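For reference, the structure I am asking about is given below.
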Amino acid sequence: MKKIAISNLPKLYAAIAKAQSLILPVKTAGKTNFSLWTEACDVDLQTLKTVKSAKDAFFPQSETLYHCHRDGKNITITPEDLQSESFVVFGIKGCDVRGIAVLDKVFLAEPVDSFYAARRCHGTIVSLACGAPEESCFCKVFGIDCAEPEGDVVTWLTEDYLYWKPVTEKGEKLTALVADLLEDSDDAAVTAQKEAIGKIVEKLPYAALSLEGWNGEALNEKFNSPLWETLYKPCLACGTCTFVCPTCQCYDIKDYNTGNGVQRYRCWDSCMYSDFTMMAHGNNRTSQLQRFRQRFMHKLVYFPANNDGMYSCVGCGRCVDKCPSHLNIVKVIKAFGKEGK
Amino acid sequence: MHEHECTCHPGFIHDTLIPQVGVITDIRQETPDVKTFRIEPPQGGKFFEHMPGQCAMICVPGVSEAMFSITSSPTNKEYQEFSIKKCGVLTDCLHSLEVGDQVTVRGPYGNHFPVETELKKQNLLFIAGGIALAPLRSVINYVLDNRQNYGHVDILYGARSADDLVQLKEIQEVWMKTADVNVYLTIDRPQEGWDGNVGFVPTYLKELAFDTNRTAILCGPPIMIKFCLQALQEMGFSKQQVYTTLELRMKCGVGKCGRCNIGSKYVCKDGPVFRCDQIDELPAEY
Amino acid sequence: MQEVKNRALALLKDGTVKRVLGWRIGENTYDPEPAFFESEEDMQTFVYNNFCAANLSKYMIEASKLEGKTLVCLKPCDSYSFNQLLSEHRVDREKTYIIGVGCKGKLSIENVKRAGVKGILSVNDTDPLQVETLYGNTEVSYKAAMLDRCHVCKGKEHVVYDELIGESEDTSTADRFAQVQMIEAMSPAEKFAFFQKELSKCIRCNACRNVCPACSCRKCVFDSDKFDSAQKANVDSFEEKMFHIIRAFHVAGRCTDCGECSRVCPQGIPLHLFNRKFIKDINTLYGEYQAGADAEARGPLTSFTADDAEPSVVAEGGTK
Amino acid sequence: MSVNQEFRPKIVAFCCNWCSYAGADLAGSSRLSYPADVKIIRVPCSCRVNPMFILRAFEKGADGVILCGCHPGDCHYSTGNYYARRRMTLLFSMLDFMGVENGRTRVEWVSAAEGVKFSTVMNDFVEKIRSLGENVRLGDLRCKK
């Protein structure tokens, strides 16, 4: 276990940023999101949940795939370079780290998505334990320990120090890079914090949320439930829940005409949008009910069916906080629970 | 090919989302709204090896990209063909292209008809309607080119009118002349100069009263599939004996972009070929 | 407010209305969700408290397509939106029974959190708010927890209703255009930097568009496949600006300043500034106009006078 | 000003079919010159131009956008330019509000007989844009590569 005084954190950031690019929670115009560190930025480790998850670091909201130039009849395709430089994502919470594991299941499955894989292999994850979980958190339900998250390096923030524990080889490498800023430490403060967090987690309102009945086998029974009929009603069909979610991975591929060629990029898409499945001969999800159902069925039924029971929800609670109509996955799970299904 | 390499993953020279350039080397007007395009890489040959039933993404840069079934059989060693019906923004644009124009192609995507496993040694009944002959053509030619591996072949093909029958030349000159292959053609409404059967495919199917000692491969518009399936069941076929294809909106082709799912199955990866009893297990959202 | 619930229940029972559009009780006091109720049994989960902030007018577009009358609970500001939709023939007055509910300012849990409260377990909706949290109990003043828009409330009169329930209280404490004027006073570089910073947060979730009662197009121009709209990608520095200008422009003269766009923005972008700037300009150049105040009025962008200001008025500073 | 000497601005001019486009024609046939940097887009009426047209022109790389229509009162469709006038006033005000230099957009009323005015307006506008320099606040970065 290592530690560094809070007052020295700017030095730590600068030291990391000198060697690699550093992505961490930065407050801009009142909201905190993961962003590239600069000398002038306002690092914010106090806000528990960034608005968007850390997903952007590995799977950006939009990224160029290739450029296409046309010269007469000839087309030339220039693929975008893959990530080839190392970078560090600092301050990811346990839920977001698990979110990346969920993305891995999708993008690292054959055929491997090389854009994602390149970022994964060049990125080092420095996770941060949640000192003060909030009411919308339910990561425990998915077996995540927010007091000791996964990652290459795990850190804990107390009033005076940031405690630093390298876990993987990548983590050791990063630790070596900043070794002269870190001092050795015992575990006492961290143990105390973990215990305190554990007690809070027990008291979280959604700590006892039951996922019973949500699995790949329940497919048709859940799909055909009449409950969706009322559940979807307040949905505005916006993409807030999808875009703040650490696990939503559906994407769209689009073209942009730059005037001297076509830039093909991919961007996050949302199953909540009415044109998500639109095609020349029609749309197989014509109602908001179907689209709403798709989101939750994907997370709680289809994904586990294809990935050995792993849910595509990590209980970060962002959708709970952000839905303009106060709809969320917790309400859906509970509604089915009440029905005894 | 693409100099597009990740230092720690030397294998990643070619992401599946990055297409190859293709040159249109031949265009055949099949029907008033269907053209068959022969598309080759600039250096000639084929883009990739595929199996019958597999698809590829064809894109006109700046217009759109969509999944098309590869019409030519894998046994064709020289080139690949796509029969495309004019019905949307992209296909309109494709139809306006000329020989020598370039598009981009990526693939192959999806599963394929089990020509080397379940279908082997079987008697086969192909049922197609309209443009749906496109995916079946590759299977039929594959079967005919490996004739010894399969039993008796019946092909039932229908279209709106005689002018809408795709690949008529090949049907008449090759398929009809192959031993132990019966071709049944039908059109929806009577037409001058047509002395074949008139009537919808499902009706004709019932009239033909095939015995159940065969596997049916069914492809067509959803409504035709529905009624043909009913007819087949009335004739005593079980759902395990019938294969069909599904189509939904696809973007990535590799089961990641998340839109072509029916339940936990992705049509682009787990499909497009499904056995009918497998489809029954899926939620009704297609 | 038990009275709203009782009255709605009575009207549902006696067959005056076929359904009630109100709120369903959430997991907590602060997260009621808009909902339709069709039976007495269903009405048990009906709730009306000071966290019921959403503007229900837009749901009436869909409800107007249903058979029978729908009862809807509208706050004073919501009634403007409803009236505006009425003038655009998007809702059916004959199929609507409006309970105008009195308003003393609506609460926002975001604002409670903004006051520094974390881990909220329960909260009530009286003044001051008693908040029980994972980290101890605390109080937040009603005013501090009130939605930003309530501080610049445009009035507590319902412009359309069938009956009124409950008292209202004036909550406006600030000038509605103060923020707009503050920005107008900046230099171009400062203005640009301000909006660049705010809009760089935009994630194109389209919540502002989808919640807006004035945005009622069947298909939005930004969802068109006729041009290479980024639509849902936060692609670059530009399209966010275009989107937000056009979003506000398309509702200019029809926007009642209900403030829903800013309420729902997950990134807290002050989207109402765009709308308010248009309202302020319209007031300055074409005379005071409040959209939704009169369902018969002609909107400022669908009318003109021969001696309107020329666009060069902008360069001359006439819109500041 | 030496910096801007080399700068060739891209100007988009939306011209109404009935007056301004004819005015441009007259300017041409009268051999009145105006810079080749001005690209004219003919529209049926000035009120056909919606704010999106202006913004899209900037997005794709325009440095200045000018809208020309019939003089108020002379619209071929009687009132189109009155609506356009209100819309453009509000749009320009919004652009100003967001920190875009307000010389980059302009509305001018040019009749079919005003070939001279067309030429003067265009020369003046191009000069103005040249002095403002390249448009950096409203373009899409992807178009600049």
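To keep things simple, chains are lettered A, B, C and D as they appear, and every chain counts its residues starting from 1.
The working rule: a contact is a pair of C-beta atoms (placed from the backbone, for glycine too) under 8 Å apart; a residue touches a chain by one contact, two chains touch by 3 or more.
Note that the structure is a prediction, hence the values are computed from the model and not measured.
Engineer: A-C or A-D: which has the larger count of contacting C-beta pairs?
Structural biologist: A-C
Engineer: State the chain with the largest centre-to-centre distance from chain C, centres being mean CA positions.
Structural biologist: It is B whose centre lies farthest from that of chain C.
Engineer: Using mean CA coordinates as chain centres, what's the gap between chain A and chain C in Å?
Structural biologist: 30
Engineer: Between chain B and chain C, tell me the centre distance in angstrom, where each centre is the average of that chain's C-alpha atoms.
Structural biologist: Result: the chain centres lie 51 Å from each other.
Engineer: What is the distance in Å between the mean C-alpha positions of chain A and chain D?
Structural biologist: 46
Engineer: List the centre-to-centre spacing of chain A and chain B in whole Å, with centres computed as mean CA coordinates.
Structural biologist: Between these chains, centre-to-centre, one finds 39 Å.
Engineer: Residue numbers in chain D touching 2 or more other chains?
Structural biologist: 140, 142, in rising order.
Engineer: If you look at chain C, which of its residues touch at least two other chains?
Structural biologist: Residues 235 of chain C each touch two or more of the other chains.
Engineer: Spell out, as numbers or ranges, the residues of chain B touching 2 or more other chains.
Structural biologist: In chain B, residues 64, 89 touch at least two other chains, as defined above.
Engineer: Give every residue of chain D touching chain C within the complex, in rising order.
Structural biologist: Per the stated touch rule, the residues are 51-52, 55-56, 59, 72-73, 79, 82-83, 85-103, 105-107, 137-142.
Engineer: Flag every residue of chain A that touches chain D in the complex, lowest number first.
Structural biologist: It is residues 256, 258-260, 263 of chain A that touch chain D.
Engineer: Can you list the residues on chain D that touch chain A in the complex?
Structural biologist: 60-61, 140, 142-143, 145
Engineer: If we count contacts the way the header does, which residues on chain C are in touch with chain A in the complex?
Structural biologist: Residues 26-28, 31-36, 54, 118-121, 133-135, 197-198, 200-201, 203-207, 209-211, 223, 228, 230-235, 263-264, 266-269 of chain C touch chain A in their complex.
Engineer: Quick one: in the complex, what on chain B touches chain A?
Structural biologist: 2, 4-9, 12, 15-21, 61-66, 87-91, 100-104, 247-249, 251-252, 254-261, 263-264, 281, 283, 285-286
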